[in-house]
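Common to both upcoming complexes is subunit A, partnered first by subunit B, then by subunit C.
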Partner chain A sequence: MNLPSLTLLGQSLLSGIFIGALYGLLGLGLSLSWGMLRQINLAHFALAFLGAYLTYQLASAGMDPLATLLVVLPCFFAFGVALHWVFARFAISPFNSLLVTFGVTVIIESVIQWIWTADYRRLESHYGDIKFRIGTLFVPLPELLTLLVAIALALGTWAALRYTDLGKALRAAAEDAPIAAAFGVNERALAMLLSGLSAAFAGVAGACLALSYTLAPSQIYAWVGVVFAAVMIGGLGNPIGPLVAGLVIGVSEALTMAITAPAWAPLVSFSLLIIVLLARPRKF
Partner chain B sequence: MNYSKGLTLIAAGALLALGLALQPAAAAPSGKPIRIGSTLALTGPLAATALVHKVVGEIFVEELNKKDGLLGRPVEWIVKDDQSKPDLARTLYEQLITVDKVDLLMGPYATGAILSAMGVAQRYNKVLVHHTFGMPSMAKYDMQFATWALGPHPEETFTNLLYDALAKSAHPPKTIAVVTSKFPSVHFLSVGAREVAKKRGLKEVLYLEWEFGNKDFGPIASRVKDANPDFIWVGAIGLEGNLLLDAMKKIDYAPKNHFYLYPAPGPMAKSPEAKNALAASVFEEHPPFTNNPVAKAFVEKFHERGAKAGLPDTSVDVQAASSYSAWQVLTTAVTATKSLDDKTIAAWLKKNPVDTVAGHLRFDGPFNYGDDLMKVKQVQNGHWVVVWPTQFAAPGAKLIVQ
Partner chain C sequence: MRAPVWIAGVGLALAAVPFLGLPAFYESFLYLVFYWVVLATSWNILSGYSGYFSFGHGAFVGIGMYTTATLAGKFDWPFLWTLPAAAAIAALTGVALGWVVFRVPKLRGELFALITLAVTFVIGTIVLNTPIDGGPGIYLNSVPLPAIMPTPSGTFYILALATALATVSIAYAIHRAKLGTGLFAIHDDEDVAEVMGVPTFRYKLAAFAISCALAGIAGGIQAMFVSYVTMGDTFSIVVPLNVVLMSVLGGTRHWFGPAVGAAAITALLYGFTAGDFAVAGRAAVGLILIVAILFLPDGLLGRFGRRRPKPAPAQSPVAAGLVATPAAPPGAAPSTRPLLEVRGLSKAFKGVQALDGVDLEVRAGEILGLVGPNGSGKSTLINVVSGHYRAELGRIVFQGRDIAEEQAHRVAHAGIARTYQIPRPFAHLSVMQNVALPARFGRDALDSAAAAREARFWLEFTGLAAKADALPEDLNLHERKFLELARALASRPSLLLLDEVLSGLTPSEIDGAIRTIRAIRDRGATIVFVEHVMRAVMELTDRIVVLNYGRVIAEGGPAEVMRRPEVVTAYLGKPHA
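So, the complex of A and B:
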């Protein structure tokens, strides 16, 4: 067996970091709504793809792909708020939230297919042609942007939750809503804000998906397993956890593909999940 | 007398005119509709390509009904969504036969669903003509007929055809990488490509397999770049080929010569990185294929209807042509036998070849397959053109090997 070259290992490591960042970015909103709102929001993936298709559509009409976020984010924030209003209005339990959001996912998938058909859509943007060279390694701009955005959002959310009054109120409401309310925290408004933010994060992830991937409605489901693993390994409600876990999974998968048979790569994320669940079951 | 004779003539003329006016157009079908049932993956991961088959079916049935239908009766196509799930396809075919009581069956899209439908067809002794079955040796049912013209052993026949084309070029490749999805109908052909390459003296510098649904092609691209083969066989289905090309572009690598088994034809032809990419086909939109007036008319109609259905790429290629051929085969057999009896239709098909837009299809070989009619096509100037065998090559097109 030939040993892999350093270039191969380095490039695979980069590839793992980039896809891991996308896992983390997709997992961020999911982790927040699951951990702090007790909503297992499967529709997060469908929202991310809806965001990707909107980015594709607006960019195809001449907008800069990143500028499309100015349109997408407010819409998604409003959607997230509305979704939480429905959850609160009908007092939907965490388990039922899984079923309801699965239904929302199917509806969004059908809408996407109705508007853009089931055929593949590829956003051709100038970002896709830009890559940087570091020695023998290449760093493509869309993936680099995804990494930077994922780090910025994870750290920004973590800092906001830890150091701002709003963040502290959110954490308090997540910990014990009645007690937080007794201290004057408007738990319902904060929950809507958090739900809106989670949906907006899905919109950001969608823009990153559109920059790097060819889109098809059914791709929504391709990300569910591994992103759930990243969220669970990273810890529910922890904004940095999914990113770190995503990077670990992405790099492990990429190195597995570089060194051994690529077909073994999917085993990595779920093996890691099982190990983490066994090692620290109380976290979940 | 003259007056009376005149009146008689006028009356006769009027009756004749009335008779002509009331007589239905010679081509209009009448009577109880013949119901043809099928499923297609209208949603789910296979929906992008299944939509092509839906458009083709609609075109064919519409054209059929505009003429004299089938056996003079109108045709009604009942198509259900199997959601890209073979198990659901099985249930729906059962439903088509027992509840909808269809007269005839048409196959679903893709190997898994066709295998499911085949099992049901066998249980009820129904003929199953299908258009997209990728593993001929698994087609054990006696009354199934494939129009995806791979021949009974494509893992040998097609791969040899491809290597023949490369060997006769100005720069025959000496080293090969075989990288493949583990998707069943892709994998067995890739394994065949590997074995035939070894027999022909090509040096294998890389062999990789990935799980269907893999999202990160970066490490695979890096390994291909490291191996730097003269020729790469990519056992890809759907978007996988594009994902690998994107990943290779990101590390500034362009394969010297590259083949993709079942690519998404539109996205691949449009991708600048797919320059000179090779694939398999039975039909492309150029002579000699479009010399057939039926094929030419079909291509024009497909452009129109495909655009209306929102298909980003409305080119007719192997998918659409095989689909149209399936309808041609089924209706030709019914017309020839003047029967809807499945056993009669099956017996006729085994003895008689059918001329289709995809070529002259026979069903008298192993697994009811005839010749392997696959050709080699290549992306040239943003379009797929057949380049091998040369008698099927697009006017002026030649295989480009680097």
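So, the complex of A and C:
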């Protein structure tokens, strides 16, 4: 085993941080709907990819990639609200929510494949050409944007839940919906709002995906395991946890790749997840 | 006994297909159906029956594939000999995983799904990066296929058919066996199942091992069928998701449900692929899944999934009573011999000392009242004695044997039964099955027919006979309380722990319950009676023990103890002025 040079190590550390930010960004909506609505939304990943493809399509047609969010986010918000309406209407259990959203995932995947085919797609944008240089390290702008957005959304959500009345009402409803309702919290409307927000977060993550990654429908499943790991390690319903856990996983994966072989990387995240599940004393 | 005949008949008929001279296409299609029938049905044995939804079934299929690929492709084992090895290695991996995971009580439901999924990726990564695969995958083109049938496709067909028949038969047998009864109880309430005598850990492990072994065999055959094994196709999320989808669609509580779901989904996917509409086919599968969960949450066979108990032969209560009479003679006077001796028992929860050096004894044949204010440790004492919680300190000697370290199901086998203050019936089992279960798993471990007779007797005894086929959700509180009682009695306990059986009942219901409890004692059982209804305590008990803050503060005859100042203070507080 050869220790790589300091530059290489620094660069892989950086790329670990960047991919970790994306784990955290994808995990944020997942964690909120799992922890606060008791819904395991597998469709979150498909939605993020749908968002990425929409960004790709609109940007290819001449829109600024970031401006595409103005179109994508309202649609996704509405989708999230509708999804929750169905879940509430049929009183879906957490496990069945996983199965239903798997069905949604399969349908979205089919739609993506039907419109954009199974071929790889890559968004060419002027953002991708911009790189900063810090010492010997390169910092590409799209990845940096992802990191900043992930931090901003995580902190913003945390602050909103903690300090605003709406956030407090949401936390109360998550803790005990009937009691919160008895105190005048409109628990059903709040739940729809939260579900809409989670879906919108998926749209944001999708734009970041489109800026930095090559897209293919089959890639939807590639992110499921590791983002679940970030969500579980970070703590369900905790807005900052997934980002922190995502960064830890991303960095440890990147270092594993630099020191051993790239193919060993999944071992790190999933071993971490297993250890956390086995050792964590309280129920999530 | 119709089902085994059906399985055998259909199997024989299907075995004739390779001799019909159909195009190989049909055999390959049916091969795929059988392959998924095996995977879905084997998954269901653990996950459907016991409710431990595994997302790791792909790992065990993969282990089977790589076992066959390695042994046949690299070590030149004959193909058929690799299949038992594939089963064994998959089962061993499952047992090793279960050995760790099934001990952690919080890893149920979605967390079990997640940890099994994580294990899939860990095993996949290890396979990819070690010489087992090494990256490029393993080719099996040169491995000779035994000529069981005239054509290779016929051979694969017959192998998959045999495995599918075996799997469905095993699922059927387990469904009817004691193992299946235990697994269904675990599905509904694992803690209660354990307290009623179901060895939950061993049962889950057994179901997991069988499930994994069958998946391993299917994987071994599939490796040969595709003749090229790669990590990416094997250890993915696709296998578990398909398997869950098929089982849920068909119905997880029925032994044949997963097979129906597997056949339907495979045919659907194949039909669309053949018609060049693979994408539309996948979308249709997604849509079917959503519709099935929303409108048919119990699956296609869900309505047939309820296990109907065989009607017990009609029998007069008197005759049944002879069967059910416990060891002690009826109406035995309270003796001074201790049946249960508790010494220095302590238990704390996060700093709250629920039990603090409790000493007490229960004499054979008596009704011991256990009273005290809320939070005084009464329920904790019952939970510790019945083995649900482990005490930190102290001894619990029952019939001369220290049971403080025993698992709850062994405590039940020793002859201790309990009721729950808030009734915890098995929600998906009928009233009859709820009562038959402890008879089957209790002290005398009755066989199925005897357990049904026993259950019928106790249903008559508690006045629930008319509701035998109802589900617990159809009972009112009074009936649920009596269901708790009937379940505890059906295990023929020597010691019965009653946790507030009277709370929430109306005065006239309480009168009836008091008569019932007296009748139970007259049959020879010893009873620990935790209760707040003082009238009942005074009428029923021979002695009482008063707990406060986890300590025994008084003990003696009911009337005398309840007059003591320290007891009055514990209940009503100190007088001021």
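What we mean here is this: the second predicted complex is superposed on the first by the 280 of 284 C-alpha atoms of A that agree within 3 Å, B and C clash if a C-alpha of one lies under 4 Å from a C-alpha of the other, contacts with A are read in each partner's own complex, and residues count from 1 in each chain.
We take it that a contact is a pair of C-beta atoms (placed from the backbone, for glycine too) under 8 Å apart; a residue touches a chain by one contact, two chains touch by 3 or more.
The structure displayed is predicted, hence computed values, not measured ones.
Asker: If subunit A is used to align the two complexes, do subunit B and subunit C fit next to each other or clash?
Answerer: Subunit B/subunit C on subunit A - steric clash.
Asker: Which partner does A:T105 contact after superposing on A: first (subunit B), second (subunit C), both, neither?
Answerer: A:T105: touches subunit C, not subunit B.
Asker: Identify the partner contact of A:P266: answer first if only subunit B is touched, second if only subunit C is, both if each is, neither if none is.
Answerer: Once the two structures are laid over each other on A, A:P266 reaches both partners.
Asker: Between subunit B (first) and subunit C (second), which, if any, makes contact with A:G167: first, second, both or neither?
Answerer: After superposing on A, A:G167 lies clear of both subunit B and subunit C.
Asker: Considering only touches as defined above, state whether A:Q113 meets subunit B (first), subunit C (second), both or neither.
Answerer: Touch status of A:Q113: both partners.
Asker: With the two complexes superposed on chain A, say which partner A:F18 touches: subunit B (first), subunit C (second), both, or neither.
Answerer: first
Asker: In the superposed arrangement, which partner chain does A:I40 touch: subunit B (first), subunit C (second), both, or neither?
Answerer: Touch status of A:I40: second partner only.
Asker: Select, from 3-11, 21-29, 39-47 or 201-209, the region of subunit C that bumps into subunit B once both structures are placed on the shared chain.
Answerer: None of the options clash except 21-29.
Asker: Considering only the contact definition stated at the top, list the common interface residues of subunit A for subunit B and subunit C.
Answerer: On subunit A, the residues that contact subunit B in one structure and subunit C in the other are 109-110, 113, 261, 263, 266.
Asker: Note which residues of subunit B are touching subunit A in the complex, please.
Answerer: For this pair, the touching residues of subunit B are 42-48, 50-51, 84, 182, 208-211, 213-216, 218-220, 222-223, 225-226, 238-239, 242-243, 246-247, 250-252, 264, 266-267, 270-271, 309-313.
Asker: Residues of subunit C touching subunit A in their complex?
Answerer: Its residues touching subunit A are 53, 100-101, 104, 106-107, 109-111, 113-115, 117-119, 121-122, 124-126, 128-129, 135, 236-238, 241, 244-245, 248, 279-280, 282-283, 285-290, 293-294, 297.
Asker: For subunit A, which residues are in contact with subunit C within the complex?
Answerer: For subunit A paired with subunit C, touching residues are 40, 86, 90, 92, 94-96, 98-100, 102-107, 109-111, 113-114, 221, 224-225, 228-229, 232, 261, 263-264, 266-267, 270-271, 273-274, 277-278, 280, 282-284.
Asker: Can you list the residues on subunit A that touch subunit B in the complex?
Answerer: 4-5, 7-8, 11-12, 14-16, 18-19, 109-110, 113, 116-122, 131, 133, 138, 140, 143, 212-214, 216-219, 222-223, 226, 250, 253-255, 257-258, 261-263, 265-266
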